[in-house]
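One chain, chain A, appears in both complexes that follow, with chain B as partner in the first and chain C in the second.
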Partner chain A sequence: MDPSLYLDRGTWVHRLDPRTKMFLLIGSFVLAFVFLNPLYLLGVLAVVLLFGYLAGVLVNLRRIWFILVAIAIVSAILWSIFGSGRTPLFLFVEREAVTYGIGVALRIDITIIAGMIFLSTTRNEEVAIGLVRLGIPYRFAFAVSTALRLVPTIVATGLTISQAQRSRGLDLESGNFIERIRKHLPLLVPVFVTTVRSTNVFSMALESKGFGASPERTYFLQIAMGRRDVLVLVVFVLLLAGCIALRVVGGYGGLEGFTR
Partner chain B sequence: MKEVLTMWRHTQMVVLVALSAAIYAAVLIPFKGFPIIPGAVEIRPANVFPVIFGLLFGPAGAWGAAIGNLIGDFFGTLSPGSIGGFVGNFFLALLPYKMWGAYFRRDENVEQNVSSGKKLAVYIAVAAVASMACAVIIAWWVAVLGIFPFLATLVLIVSNNAIMAIVLGPVLLLALYPRVKQWGLLWTEIMNPEEVPASRLQRVGNVLVWVGSLGGVAVGVILSLTGVASGVGIGLALLPFPILILVGSFILGGREQVEAAHEMIAGEGQESEA
Partner chain C sequence: MAEPEVSIRNLTYRYRGRKDPALDGINLEVAEGEFVVIMGHSGAGKSTLCTSLNGLVPHFLRGRMEGEVRVGGRSTREGRVGEFGQEVGLVFQDFEAQLFSTNVALEVAFGPENFQVEHEEMVKRVENVLRQVRLEGFEDRTPATLSGGQKQRLAIASVLAIQPRILCLDEPTTDLDPMGKLGVFEIAEELKNRDDVTLIVVEHETEETLDADRIVVLRDGKIVANRPAREVLQDVKLLEESSVMPLQVARFFHERGTEDEQLPLTPEEGVEEFERRGWRVSPERHRELVEADEEREQSYGETLIEVEGLSHHYPNGVVALEGVDLSVREGEFLAVLGQNGSGKTTLVKHFNGLLKPTEGSVRVDGEETVKQGIRRLGQRVGYVFQNPDHQIFSDTVADEVAFGPKIREMDEGEIGERVEEALTAVSMEGRGDEDPFGLTKGERQRVAVASILAVRPEVLILDEPTTGLDYAEQRSMMELIRRLNEAGSTIIVVTHTMWVVAEYAHRAVVMRDGKVALQGSVREVFAEEDELRDASLRPPHIVSFGNALGYPVLSVEEMLRVTEGG
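Moving on, here comes the complex of A and B:
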């Protein structure tokens, strides 16, 4: 199992500066929250999907489709129960509450797809240096990038430990979902111990290479904002400003009659 | 709470942040496929870890839980709700170690384990209050954003956190504490007393955290069930409770735990010399 979403495609989206992609990610979150009407949100979703298509990473949708569909169903059900509107649809459910639930589902799906595109086009090293260049302290960025890098290693360790236990007769496959979780829990201790016992060696290795010896650092990976980044950011800011104007000045994209 | 900043001076603590974040994320990710509220709450056996990380690694565990949750979100559920998840999980690990010292006298053994009945009771109390604080913060945030209803999110996060931490936590802590102590990786041994604030108003801080957590849950449930407030309204009405949790965390201190650990190490050193 490889939990990493990164796809090495070499498209122009992949070559964008990581800071540009971070701004686009945050901007897409804002864009998703500008409208409430599902029709307008479908437009935003189309833009995000087009960007993912140009990046050649929509194949990763296969890995999260279950979550996206589940969000749509559960959000519509939850808001039908907890929300209210003016137009009765059936039993105690009002049309505005269902529409709002669909709108919220689209909002969350848009932000999750935007997050997937970001991670599918940006390497861990780029995330780390992007954070540092944005003013995040190096040690924090180092911890984030190291954790990101270690996740697949720890997952692999967990699989090795579970295989070792199976070879000794532990049955992890039988039983219902809760029973299977219960059987997996004792594996947490060796995963924790195997990982944490390397802390001192890891720390010594870092310090022997001058970790934290000087406040000024140099980086192997160099990043720079180019013309392409500026162009993409200008186009995106214009799109965002247009959508905000449409919503605030024009009054489009809202949802009348819904109350929480 | 200055220790959450001063800890970054220690390379061991930086490594512990990375490792605890990676462990938390690695156990969270496989369960992304079993959502309760998709995009917000899943079945999370990994939720036993933040409380354990907090007690063993202190502020490094708090940062590790926050970053680990964010990385977990990176693998399929990254959204503006992740900001609430980051802060909520930070407090889920921070409160247990901050509150731990408030339940023991100066002359008592304050080691962060469950070796006695009293310590087990304290563990359950701090795990419960941290679970409620985490749920209040996250449910408040998603209600303000209008992503999910406050009540459903609150109830599911409280039960998810509390069940995992209270049922599984003591067993895990019992197994892990001696090893972590043997490796010299307890936060109280790595950090220096002057890097951690003194606990002058520890009881007041403890009460504020309890009021903020328990009050947030109780008032939130009442407001939701009676329909008095919802959405942004409930966000405004409940704002004092996350603030109480934050203020209580600042007041709680924690230096006495570090001093006790250093005194114990010094005592063990003298014994071995003799």
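Moving on, here comes the complex of A and C:
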């Protein structure tokens, strides 16, 4: 199994400049946090999903749906219980609290989905060169893209290790909360040891291939802002401005009557 | 004569915190265009020697260096690793860890990028280098989706793209199937024929070193031989003493008293020499061997594992197994062979319930594995994974071994008894208090085996138990497994190491594209050289030698037993 999220689909979204996509990513975060009303957030979600659909990367949702659902449920339940509002719904739960819980769930899920779409359409190297072109030093940009690479590698190692330990009889499913956490020790130690070992080789390989040998370097990937990038950015900035105006000036999309 | 490409004088290197030096007074010169192979036991200093070539020793690794290493006339002390990177390309043993890009082309371009190669030139280099390692057309593939052999070739390509004058490969074939190995050696062969590239290869498979100009043998950080390849390969005694596997044909003639200088090395040379000397194979004694095989087959017990019409499809749609029928009887020693991706590991992961059949059934002791569950099956079928570091987590060896019994809630006395028993079985008795992370790879492998044995499974599955071990360690690991088999355990080994199969296994199953291509006694299977080649496998030299004489034998000892004359 390929542990990385990136899908080499070659759509126009993939071909956008990484800087454009970074802007879109941050913009969608802003959108998610401008609104609180779930109805408006559903609109934002629809935009994000449409974008993912156009990029042909929504299949990756299958890999993260569990996290999305878990976050949604936990958030909806916690806020319903601990938040308070004006309109009683049942028992001690108020309507505004439930709505707020759903809103927060949508916010978090939108940011995760947007992140997923970004990583599914942008290579680590593109992230790096995008950051470099934005004026960030290559070493830092490389560290970011290496961190992005490390996560799927660790997940893959973790899967193998979990198979090895389950073969020895490790049962992660039973026991109370504390017990279960303790049971993860046989997974965590080997993951840590293996990762440290391979990181050591990795850094030697980097040195040997001249990483940081000179302050300047050239790039195999060539990125440039094209007409398409400009178009996408203009459309998106208009959308963003419209939404902010709607919220701040018009006062729509908020949530009345919710208190903590 | 011009100054040698590499010149090492009195190099001694001691890693910080270690008492014994990793390298001890090394003197070595390598001329431009030479092909030098470095051999030696685990911990002999081979990898350290490699890292001293581009300045990782002393600049990157922590320790104390004495003496001098000069590359292209310049001391490695004088420049940084990055500077020497342009002269010395280093490919590390762990190829997984050195690939990090999201596609093949970018992986290859990384080096040239760092050395500020112009874009146009870079594109050209990527294209050339990929053609050289036969990965053209793979530019857009993610390295993670490549096979082991392809990954290793990519790692080599990523270094070649820097156009170093010296290429140093540290055990480039350790983790590869025979086909993958061949691919790497073809590249080495081409590089060897170029006068402008100096090739230094650390290798433990003696059969692959025949083409070298020179072989350097290290032992405990010292050079014990530095002579033309042929001469070293004929020195059977020296190789054995250095924990390096001697060539089997050479050893056969050596044991029969042939002078070192006359030792044939390859099966072809062997057959010629055998006939020239008028030696013969005794048909009677050979029949005794075959009869012993048959007798052993009679002695197996009940059927333990029964596989019927097994197919397995991975979630991404890949068909890993298709219509596999197989049975394993009590007391057998079965080897599962095949190239990477042929379905070997997928097959055996069904035996302990790690994977469930998409179609067909797998029964252990007459009951479907699906019904038994992995935990209960673990009592009957133990599975030792390839990399011991994927399972070791305890502070002491004893705790690690006690994990299985403890999790099955046995009482203290019972646990202690089993730990002792398991440690004795792997010849590590009395070492229960040691820290497993301080052990050598071979010892960690033993701890992993012991931790499975402590549950007393009837069947023991071992995935590549000899990978990454030197010859002496491989021998002792396999002797251990043989003892377990003789004591009643049923053994299933998944492996690429052909001589291990020939000498230790009873029966072999050859997998190819998810199907069983060949199965039978090891002797029968290894007699079918053509079919094996179709499955990208190659029997060990002594087997080929016997086959060429018309008598399939499995080891040097067997060959000695059936040979008459002279």
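The rule is short, and it goes like this: the second predicted complex is superposed on the first by the 192 of 260 C-alpha atoms of A that agree within 3 Å, B and C clash if a C-alpha of one lies under 4 Å from a C-alpha of the other, contacts with A are read in each partner's own complex, and residues count from 1 in each chain.
As a working rule, a residue touches a chain if its C-beta (ideal position, glycine included) is under 8 Å from a C-beta of that chain, and two chains touch if they have at least 3 such contacts.
All values derive from a computational prediction rather than experimental measurement.
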item: First (chain B), second (chain C), both or neither touched by A:I244; value: neither
item: Touching partner for A:V74 - first (chain B), second (chain C), both, neither; value: first
item: Which superposed partner A:S214 touches (first chain B, second chain C, both, neither); value: second
item: First (chain B), second (chain C), both or neither touched by A:F29; value: first
item: Touching partner for A:L185 - first (chain B), second (chain C), both, neither; value: both
item: Contacts of A:L49 with chain B and chain C, given as first, second, both or neither; value: neither
item: Partner chain in contact with A:T146 - chain B first, chain C second, else both or neither; value: both
item: Touched partner set for A:V193, first chain B, second chain C, both or neither; value: both
item: First (chain B), second (chain C), both or neither touched by A:F202; value: both
item: Residues of chain A that lie at the interface with chain B and also at the interface with chain C; value: 1, 3, 146, 185, 188-189, 193, 197-199, 202-203, 207, 211-212
item: Partner chain A, residues of chain C touching it in the complex; value: 51, 54, 56, 60, 80-83, 85-86, 88-90, 92, 94, 96-98, 100-103, 105-106, 109-119, 122-123, 126, 140, 142, 144-145, 158-159, 162, 314, 316, 349, 352, 354, 374-375, 378, 382-383, 385, 387, 389-393, 403-404, 407-408, 437, 451-452, 455
item: Footprint of chain A on chain B - complex, ascending; value: 8-9, 11-12, 14-23, 25-27, 29-30, 32-35, 37-39, 43, 45, 48-49, 63-64, 67-68, 71, 73-81, 145-149, 151-152, 168, 172, 175-176, 179-180, 183-185, 230-231, 233
item: Residue ranges of chain A in contact with chain C within the complex; value: 1-4, 6, 8, 123-125, 146, 149, 156-157, 160-161, 163-171, 185-190, 193-194, 197-199, 201-205, 207-214, 216-222
item: Parts of chain A lying in touch with chain B, wherever the complex brings them together; value: 1, 3, 5, 29, 33, 63-64, 66-67, 70-71, 73-75, 78-79, 82-83, 104, 107-108, 111-112, 114-116, 118-119, 137, 139-140, 142-144, 146-148, 150-151, 153-155, 158, 177, 181, 184-185, 188-189, 191-193, 195-200, 202-203, 206-207, 211-212, 259-260
